[in-house]
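In what follows, chain A forms one complex with chain B and a second complex with chain C.
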Partner chain A sequence: MLKNNPTLEQQSLALASGKETAVSLTLKALDKAEEFKHLNAYVVLNKEISLAQAEASDARRAAGKLLSALDGIPIAIKDNYLTKDYPTTACSNARPLEPSGQDATIVANLREAGVIIFGKTNMDEWAFSPTNVNSNIGPVLNPHNTKHVTGGSSGGSAAAVASGIVAAALGSDTGGSIRMPAAACGIYGFKPSYGRASRHGVLPLSWSLDAPGPLASSLQDIEMLLPYFLGNDPKDVSTFASTDFKKEQSNNTLEIVYLTGDGLESSAEVEQAVKKSLSASSAHVKEAELSHVDNYYEAWEAIIFSEAASYHQPLLQANADGFSSSLRVKLEAGSRLTALEVLHAQKLRSRLINTLTNELGEWDIIATPTLPVTAPSQNEEEQEFAGKTVHAHKSMLWFCVLGNMTGFPCVTLPVGFSDDGLPIGIMLMGKPNEDEKLLAMAMQFEQSIKNT
Partner chain B sequence: MEKNKQFTPLTKAEEQEVLEILARIRSGLAIPVESQFEEPAHLLNSGAFNVKK
Partner chain C sequence: MLKNNPTLEQQSLALASGKETAVSLTLKALDKAEEFKHLNAYVVLNKEISLAQAEASDARRAAGKLLSALDGIPIAIKDNYLTKDYPTTACSNARPLEPSGQDATIVANLREAGVIIFGKTNMDEWAFSPTNVNSNIGPVLNPHNTKHVTGGSSGGSAAAVASGIVAAALGSDTGGSIRMPAAACGIYGFKPSYGRASRHGVLPLSWSLDAPGPLASSLQDIEMLLPYFLGNDPKDVSTFASTDFKKEQSNNTLEIVYLTGDGLESSAEVEQAVKKSLSASSAHVKEAELSHVDNYYEAWEAIIFSEAASYHQPLLQANADGFSSSLRVKLEAGSRLTALEVLHAQKLRSRLINTLTNELGEWDIIATPTLPVTAPSQNEEEQEFAGKTVHAHKSMLWFCVLGNMTGFPCVTLPVGFSDDGLPIGIMLMGKPNEDEKLLAMAMQFEQSIKNT
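The block that comes next holds the complex of A and B.
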């Protein structure tokens, strides 16, 4: 995160104290969006729509009818969330450009809380890439170094937060699409447990892997946002067992498992920064080695490719030329996988869940770097680390897919910078449906680092 | 959605990419699952139906 960007918490306090109004906050955000236009973080941002919402918020405040602590604060929306006042393109030429006329459940929740729906952010086409280079409006540039990618697919949201246009933004995560850009841009990102947050109105990539979540400027900001994500939504049956957000505290010594093994390596400077943060924390850390990690990656590919191919069949038949060549190739590959192959991938997924749940001993948190290397440059196809040469797409997804394969909640937080000034993040994974506990433990972890 | 028109077929290079992706995925999947009782993860609740028997 670039220095001195206000957090949601600070913006909320500034509004409460009268130092800011919703209109003044929105005007500042509009100025910042103009200042950082070169990052290409936005698909669409309408000044009149934003200011009208801000004026309405200020009127509510004046009348003593505030809707929430977030009333009047601008938050950006990834362009795969349906929004009634903006088109939703998923950065694909295959989508119509008219507003859908409806809000995704999470957008509706935030709108009811008085949040200013501050435009739609750039993303990889249909969220199916991890660098945010493959968008129909061009790549997003990393605010820390514009020669580098932001990571994707929620790259526009990450760039909008990291550059200080907004304090928080919405993202979605199928293999790391919240955590990868958050880590690459030096901010915070939270992927809820599968089934805790409603996917209704978020254009699907892969039904059994997708999780909508926030990107933000602090863990406290994520705590302010999660109540609008978590909970049962009859429009998404996968949330049938979800409960509303309930704040937790964490004070006990944390038991952290740090994963190692073939397929879980990272560059020396990333490993050093992550291990330094673990050592500086008050947690008890032990290492555990996983096997078959490469196979889990390919099992993840089998699931995402086949589910995406299934979802896109009607559009492929009607408008195949609306897809980029690289996405069409992926969807075609997914169409040719057999049912037995996909079920075998789901069995490997079960094995991974069992391994992490039952075979690592007692743990509160599983930790890995979020990315094994810092963000690649815009045209870098391969990255080298730990004696391996890895395609940049796979290196971005290296650790993050474990969170989607298991459905466990994950959070990324910044823990340092590389020698060339690019951010490094740590990923903390919690137990399924214990999202609030994971967030509380992440706060405890971060505080213990700051205290040393 | 209306079915449309003919669309551009995959090029030879795209077809080759498809084959390479499939080969990579199939190679990764080519390990045995150890337990005959291992169940596929459930689509809607990835934790609920994965109890080790």
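The block that comes next holds the complex of A and C.
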């Protein structure tokens, strides 16, 4: 994150103390959006719509009728969430550019809390790419170095937060699409457990992997946002109500497993930064090797390719030219898979979950780097690290797919910079459905590093 | 159920009062098993093993070290649950007949409660048939009329309970395999919500549909058993912990939706018996039509065929002759499906869940007959009802597949007999994961009928 960006917490306090109004915050955000226009973070952002919402918030505050601590704060929305205010394009030419007239459940939750729905952010076409280069409005540039990608597919949301336009933004994550750009841009990103956050109104990529979640400027900000993401939604049949989590000040030593193995390598500078954060923390860290990592990656590909092909089949038949050729190739590959191939992939998911659950000993958190290398440059096709040459797409997804294959909650937090000034993140994975507990442990972990 | 069969509750009280011992109960059960040997309910039952467990229970009781209210009571196990005592054949010639040396999680739970693991019951080959005619040891005969089938695939468990050999037995349900034989034999059967009961150690048929559950002599007996079925099991990655349910005496009027539509018809005498029970109850009943029922049935077939093909592929390649020709045909059909066909079927599941959740108005229970007709005779290939001629396999599955396609909890209870003396059951379906609430509502429903 660039320095001195305000957090949600700070914005909320500034509003409460009268140092800012919703209108003043929104005007600043509009100015910042103009200042960082070259990053190409936005598909659409309307000044009048934003200011009208800000004025309504200020009127509520004046009348003593605040909706929440987030009332009056601008938050950006990835362009695969339906919003009443704006059309939803998924950065694809195949989708009609009309307003949908409805809000995704999570957008509706935030709107009811008084949040200013601050425009729609750039993303990879249909969210099916990990660099945010493959968008119909062009790539998003990394605020830390515009020669480099942000990572995708929620690259616009990450750039909008990292450049300080907004303190938080919405993303979605099928193989790392929240965590990859968050890590590459030096901010925080949270992928909820599969089934805890409603996908209603979020255009799907792969329904057994997709999870919507926040990108933000601090873990405290994610804590403020999480209640608007989690919960049973009758409109998303995969969601369920979960047991209550009571946050308690815990000084228990966190048991962290650091995963290693063939297919889980990282560059020397990334590994060093991540391991340094682990050593600096108060956690007890042990290493454990995971085998068959390449099989899990291939299984993830079989699932995302086939489910995306299934979802897009009607639109692809009706309007093939609306899809980029690189996406068409993926969808056609997915449509050629057999049932047995996809079911074998689903069985590997169970094996992975079983391995992580039962074969690593006791753990509170599984940790890896979020990305094995820093963000590639815009035209870099391959990355070299740990003696391997890896396609830049695969290196982005390297660790993150484990979170989607298991459905476990994951959070990424920044832990430093490379020699050339690009951010490095650590990924912490928790137990399934224990999202609030994972976040609390991540806060404990980060606090213990700050205290050393 | 044949008259005067004791329930678990009665057996537990008889043990507590000293009227029975575990040994006397077990000897009675062994006598009954001999008396009803012609039903072919059992694959294996060992007198010495059973009596040794009974003697151990009596010794615990004498020492004041009872393990539970079920300590000393014989319960029969479907032959697809692994048990330490006996081999597990799934009534297939393909599987080696050796003891597995381990218990399924549910069997282990019951053993820890002191239950006598009372033999392994007949079932359809690999649980993949709904009549219990297709078993390597021959069909199970219906205790109410031995010319008729019990329904399957848990037919041996149903016959063992209905004939009074045991008060309860274990079954598994992928398209109705607990509920169909329970209804056809005039007893009670409960299919838990998908993910609430552990399948660890239960040989799979179709992993996204399978649910293990009890067959029993009363709803009170199911209430005694349910805690041993439900709960998070790290060895079954699909299970999860659920919110606590507190049973409270409720006199709220139950809102019941009675489902109708093309593909949901039943014979006049079944419909009459079921509707009579609904009218006699204190519930408020409204009818609602469900469309696309045939599509849901075909989707269920695509899922079970392909998942079974995926699971059996290695054994089928190694030992094709170990499978019956009728099962081989199904597995080969499943292996020819494409990923897009199976994924389309999964999308129809979501549509069905969404329809039942959001498009029927408010409801506590969805009710249908459990079977549209009474049990077919052993050689009956087709059944005629409501102006339709339906293959006997499909008529068995007619209503029950809705429970597996949605994953919702279901219970069947007997509501009368046909003119020729065959049992008729009603199926009550509850909201997902609210298994204990469904059971409490079913008890309220049944009590209100008894009170009229």
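Keep in mind that, in the parts below, the second predicted complex is superposed on the first by the 442 of 452 C-alpha atoms of A that agree within 3 Å, B and C clash if a C-alpha of one lies under 4 Å from a C-alpha of the other, contacts with A are read in each partner's own complex, and residues count from 1 in each chain.
Convention: a residue touches a chain if its C-beta (ideal position, glycine included) is under 8 Å from a C-beta of that chain, and two chains touch if they have at least 3 such contacts.
This one's a predicted model, so the numbers in the text were calculated from it and none came from an experiment.
Engineer: One more residue to check, A:D321. First (chain B), second (chain C), both or neither?
Structural biologist: The first partner, chain B, only.
Engineer: Which one hits more chain A residues, chain B or chain C?
Structural biologist: Tallying touched residues of chain A, the top partner is B.
Engineer: Which partner chains sit in contact with A:Q313 here, chain B, chain C, both or neither? Use first/second/both/neither.
Structural biologist: The second partner, chain C, only.
Engineer: In the superposed arrangement, does A:K235 touch chain B (first), chain C (second), both or neither?
Structural biologist: second
Engineer: Return first, second, both or neither, reflecting whether A:E298 touches chain B, chain C, both chains, or no partner chain.
Structural biologist: In the superposition, A:E298 contacts chain B only.
Engineer: Can A:P432 be said to touch chain B (first), chain C (second), both, or neither?
Structural biologist: Touch partners of A:P432: chain B and chain C.
Engineer: With both complexes superposed on chain A, which partner does A:E382 reach: first (chain B), second (chain C), both or neither?
Structural biologist: After superposition on chain A, A:E382 lies in contact with neither partner.
Engineer: In the overlaid three-chain picture, which partner chain does A:A339 touch, first (chain B) or second (chain C), both, or neither?
Structural biologist: second
Engineer: Just to be sure I read the superposition right, which of the two partners does A:K347 touch: chain B = first, chain C = second, or both, or neither?
Structural biologist: Both partners, chain B and chain C.
Engineer: List the residues of chain A that touch chain B in one complex and chain C in the other.
Structural biologist: Common to the two interfaces on chain A: residues 207, 237-238, 241, 302, 337, 341, 343-344, 347, 350, 353-354, 358, 432-433.
Engineer: Show which residues of chain B lie in contact with chain A when the two form their complex.
Structural biologist: It is residues 1-4, 7-8, 10-11, 14, 17-18, 21-22, 24-29, 31, 33-34, 38-41, 43-47, 50, 52 of chain B that touch chain A.
Engineer: For a test of understanding, state which residues of chain C touch chain A in their complex under the given definition.
Structural biologist: Per the stated touch rule, the residues are 207, 234-235, 237-238, 240-243, 302, 306-307, 309-310, 313, 334-335, 337-344, 347, 350, 353-354, 357-358, 432-433.
Engineer: Flag every residue of chain A that touches chain B in the complex, lowest number first.
Structural biologist: Residues 194-195, 207-208, 237-238, 241, 292, 294-295, 297-299, 301-302, 305, 314-315, 317-321, 325, 328-330, 332-333, 336-337, 341, 343-351, 353-354, 358, 406-407, 432-433.
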